[in-house]
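Chain naming follows the written order as A, B, C, D and E, and within any one chain the residues start at number 1.
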Amino acid sequence: MDRSTTIGLASGFGLIILGILTEGSILAFWSFSSLLIVVGGVLASTLVNFPMDDVFRTADAVRVAFEGRKFDLLARIEMFTMFARRARRNGLLVLDQDIQFIDDRFLKQGMELAIDGTSEDNLKHILEAEIKNLQRRHETGIRVLERMSAYSPAFGMIGTLIGLIIMLGNLDDPSAVGPGMAVALITTFYGSILANLVFTPLAGKLAEYSEKETNEKEMAKQGIISLANGENPRIMERKMLSFVTPKERAEYFRVYGDKAFTAQQEEKVYDHWLSQQKEKWESVISTIPNG
Amino acid sequence: MDRSTTIGLASGFGLIILGILTEGSILAFWSFSSLLIVVGGVLASTLVNFPMDDVFRTADAVRVAFEGRKFDLLARIEMFTMFARRARRNGLLVLDQDIQFIDDRFLKQGMELAIDGTSEDNLKHILEAEIKNLQRRHETGIRVLERMSAYSPAFGMIGTLIGLIIMLGNLDDPSAVGPGMAVALITTFYGSILANLVFTPLAGKLAEYSEKETNEKEMAKQGIISLANGENPRIMERKMLSFVTPKERAEYFRVYGDKAFTAQQEEKVYDHWLSQQKEKWESVISTIPNG
Amino acid sequence: MDRSTTIGLASGFGLIILGILTEGSILAFWSFSSLLIVVGGVLASTLVNFPMDDVFRTADAVRVAFEGRKFDLLARIEMFTMFARRARRNGLLVLDQDIQFIDDRFLKQGMELAIDGTSEDNLKHILEAEIKNLQRRHETGIRVLERMSAYSPAFGMIGTLIGLIIMLGNLDDPSAVGPGMAVALITTFYGSILANLVFTPLAGKLAEYSEKETNEKEMAKQGIISLANGENPRIMERKMLSFVTPKERAEYFRVYGDKAFTAQQEEKVYDHWLSQQKEKWESVISTIPNG
Amino acid sequence: MDRSTTIGLASGFGLIILGILTEGSILAFWSFSSLLIVVGGVLASTLVNFPMDDVFRTADAVRVAFEGRKFDLLARIEMFTMFARRARRNGLLVLDQDIQFIDDRFLKQGMELAIDGTSEDNLKHILEAEIKNLQRRHETGIRVLERMSAYSPAFGMIGTLIGLIIMLGNLDDPSAVGPGMAVALITTFYGSILANLVFTPLAGKLAEYSEKETNEKEMAKQGIISLANGENPRIMERKMLSFVTPKERAEYFRVYGDKAFTAQQEEKVYDHWLSQQKEKWESVISTIPNG
Amino acid sequence: MDRSTTIGLASGFGLIILGILTEGSILAFWSFSSLLIVVGGVLASTLVNFPMDDVFRTADAVRVAFEGRKFDLLARIEMFTMFARRARRNGLLVLDQDIQFIDDRFLKQGMELAIDGTSEDNLKHILEAEIKNLQRRHETGIRVLERMSAYSPAFGMIGTLIGLIIMLGNLDDPSAVGPGMAVALITTFYGSILANLVFTPLAGKLAEYSEKETNEKEMAKQGIISLANGENPRIMERKMLSFVTPKERAEYFRVYGDKAFTAQQEEKVYDHWLSQQKEKWESVISTIPNG
């Protein structure tokens, strides 16, 4: 759950309504035709701007902004060092069963390639292409929201122009100028709010998560390649730790410490981890509706 | 067919007209001289800004925004793995007849180079130069539309300035200010709509298709080079699959499955594919008018 | 001749004048002091912004926007394949006399380096440095015009502010507000036109030609390096063809076809080409005034 | 201490208040509901735009803008040359005790890796990943402030629109237009000040310090790699000096001169340096509260 | 001397004053409190935005915009070819005395490194780091001016808002609206002029000189590396010539021609050059005040 999105939207709209109520009536700010022009216009331009599929996929992506994503980089580093220690003792193939409960597709498929003995060049090539592809998909969603953010004030202004032209064209009664102007400005008001409280911040949130996910995938890529190369577990751990903040690094050493396990202890750790993964896996599976 | 372009334009203009009708008369928004200044001015600046050829070619490119493009990446991957399996069994030269019915020029010519035994360096060099050249052509079209999008509000403002200067210079009758102002604002209105409902979204749509086509060509490049290198078909398949989304990847495995054909089955698959290609080819040919 | 520049400027100014005449008098749009502030201010800021030489050189560069440039890439590819076939038969040195009538400096000097046996590394290094240098020169000119384009509306606004401050400060007669305002807006009008019909489009045109010329030079670089390496003429031809559009490529094969000349035929083609070059050269020379 | 931040903010707000007082009353510029809309709206959009953690971390980062950071590049170069001379005489391992009092984490951990005999490739890889990670963290903070800077005038305008719509809708008394307008403009005023005196400059300051710290880390990376490679101390010194300004370089040679120490003198210099480091270390430790 | 800066500023301010005088009184444009808000506000935000040192250093950098810089690339190429011919005959060490009178620090120190036998990798590494460092310093200055240019219209608007809010809040006398408005607009006027005639153009001028100096340093780097590698003088000359314009290249061949000196002639040329350098050096020294 990323509560900040919900809190931000709720408090933002709340504040604006509060600001209106302290000075006047909220009714003066309601105009169906203004809403039609702004929201409709933005959607129309977005449809011209993007293939239909990309627009629909963005609706999906926006959910991420509300649900949030957690990346437990430290647990992942610990998992990789465990893998590396096991692979050192028993060969890379032993990991074949370990990875069956990993629920991150990128990680699982990358590990499978490594275990299958894919050459380092090919492994790197494939993992990098996947990360690039992931970014491209993210960027399309961000671009859709950014364009909607740009179209919002534009259609706000177009609506205001419509209001002004009609009002000014029928200027029989000078006292009607004020209210006419007020109505005309409502579309500008709608456009500004949509752009600055909804579309731009949502595009920003998706961009932040995209960056965090890319960082996580880059770290996983590093781990997979180190594993495939049979690199020293400590060097691998150190390389992966350069993807986390100094604070997290200190936390990592505090929690996972410096381990020098016997083979037996290692087995125990592994059994514990495996049972955890299975539980997690089953809880994921159970959320999938039958049918 | 990319219906979103037509739907977007129709609904956008429809909404604006609806918005106008609910509050006033559509006649108040018609001004031939405003249209002349905005559309004429935009075209004039575009002609100064681009060589004549590039302007004409853009008119062509805009058609793509309406017709849309479909890229069946999965079928292409399947085709390449079939090629790879055939080449493994019978040598690369056997593909010489397979490619005669391919209607994608880039793919066909790239395959010819590979079959002719062009060195990997030269092959890469040529395919990359072609992709870069393709992008350059796309970008010229996008640039033309983006500039038109920037000139539209500018000439909208110039038209409004003309109207204001004339009106303010002859200010005998104060009651004429309103209607004069209304007329002056029409060019700004035209400029805003052209920019935000037509030129910017169209430029955006072309950019989206350009990105998709580049991705498709990059994938084809990967396939051609893998084929030329006699790479393992499964590695080639995996590399190409990193160009599609995870959803499409799952779809690919569902449809095309994991094949382990006998040479005989392979032949059957090939015969089926070839007859399909021929049909497609003939249907393409038949659309070309005689003479 | 790039007629689009002249046509664009003429029709743009024509349309604006027409637009003015249909609604009022052209005299209301003439103000010498406005012209002084806008044009003078833009020139002043441009002088502060750029070394004197760069400003003068831009005046020169603008000529290109009117004269246009034609790049016959196909003829150049044909020339290079002829060179390559000749070099294959008679050695690279035989080209020494062929290149004396080439009137493109970059090409001629690059060929001389190749014929002199410059190493591939040095050849690449020098040709790339020259292309980069060419781009830097182009970009300076484009930057000058783009800055002028940014200063134009700024000084338009400064002029309008001057008019407004004077008018509002002496507001004895309310009926003078309108005409005063009209006069004040003229500088904004001038600034907008200069920016959107003159400077931005001219900067754009120079950028387009710069891109086309860079593409041409990149193709020539490719040809020179292929020649120096004694590359197979058909591979060289193919590499160079990836710099032209598919349409031009089809045209190339239609016109120049697939040649398999005997040494004798080759000689004839060469003699024909050489006499053409000489004629061209002499016509270039004849345009240089005596003295 | 970076006093310029405090001085700038104090004098900026002072000047604006002074400017107001010379012409009117400061009370006319106070509006609680305006403050609510601008500050509240900016915070709301920022929460939608960024994960909660990143927003809190920015509050921390802003402290740097007030406290400033000093990077004594010259002392660091001197330290590295001392290390290099010692390592030349006694081997790299002798540095193990030297580095225990270094209070820069990046430097200390990098030196540990070098002393542990990490391969050059891995060392480079890790140090570069850490620098990139550092930049990413900095950039998140800068991005938060830049977005706040963009939302400020936007919510300023939204507040003004609210004021205008209410005022124009109730236009019974024409004499109320002026004061109503004045109140409406206060939110625009708040938004402009927040953007131009607070958020944009603070984002700028953080960006400047980020750049300086990156430069310092790049220099340290250079030093660590040179040490690990056992590079000639003078070459290392020269390479590190290319990260400082010519003026600092002259200063360096003036202060630290050209040293040709005997082993004995070297020891003395080292002992002096070590005692200094210990003192510094203890003073750092003493600032940490007990508990 | 770069006169264009002085001429531009003088004529720009002259034109604006002239424009004012032809229509009204210059006194209407003077307001101390406006100046205070704009200039003071810009300085305050700049202090928040940059470390104090960088602000002071920019004042220094601005001097370059007035004094200008001349880069005699041709003389430098000639010097390098002389060096190369001498080094060919007498070894690189002979240049040790030649370089003592060179007054360009980058060049002198680079030559010293080359003569000391620094490896090509290290030489390249150091020279590139220095050029990057030079650019970073330039960019800081340019950034300070660009930010000042952005803050100027912002504080212009803030000042105008202050004026408007005060005026509209005390709207007893409708006839005071005009003059009040006029006064309020003066800060906008100041902000526009500062941005468009002073800060933006000065930032631009520094950027132009930075680009020219970088080009000169890149050429010197090329020369130093060629010398260190003992490259053929003609190849070195050719490589360096790709940094100058075709016109300068023609000029170079006209002035310095194709030289094939005997060892004796070479000595004479060298003696002449050395005496020139000494003179130049002494004249530089003599400008340094005693004490």
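In the analysis below, contacts are C-beta pairs under 8 Å (C-beta built on N, C-alpha and C of every residue); 3 or more make two chains touch, one makes a residue touch a chain.
In this text, all values refer to a predicted model and were calculated from it rather than measured experimentally.
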Revision key, fill the gap. Field rot_deg for pair chain A/chain E, CA superposition, rounded to the nearest 5 degrees, holds 145
Check your understanding: Since chain D and chain E are copies that touch, is their contact same (over half of the numbers shared) or different (under half)?
Key -> different
Study note, to complete from the structure: In whole angstrom, the CA-centroid distance of chain C from chain E equals 27
Review point. Roughly how many whole angstrom separate the Cα centroids of chain A and chain C?
Key: 44
Study note, to complete from the structure: chain D touches at least 2 other chains through residues none
**Study point:** Graph class of chain-chain contacts, one of line, ring, star, complete, other
**Key:** ring
Check your understanding: From chain A, moving on to its ring neighbour chain B, which chains come in turn until the ring closes?
Key -> A, B, C, E, D
Study note, to complete from the structure: The chain B residues in contact with chain A across the complex are 2-5, 7-9, 11-12, 15-16, 18-20, 22-24, 28-29, 65, 68, 175, 177-179, 181-182, 185-186, 188-189, 192-193, 195-198, 200-202, 204-205, 208-209, 211-212, 215, 235, 238-239, 242-246
**Study point:** Complex interface listing, chain D residues touching chain A
**Key:** 33, 36-37, 40-41, 43-52, 54-55, 105, 113, 118, 122, 125-126, 129-130, 133, 136-137, 140, 147, 150-151, 154-155, 157-159, 161-171
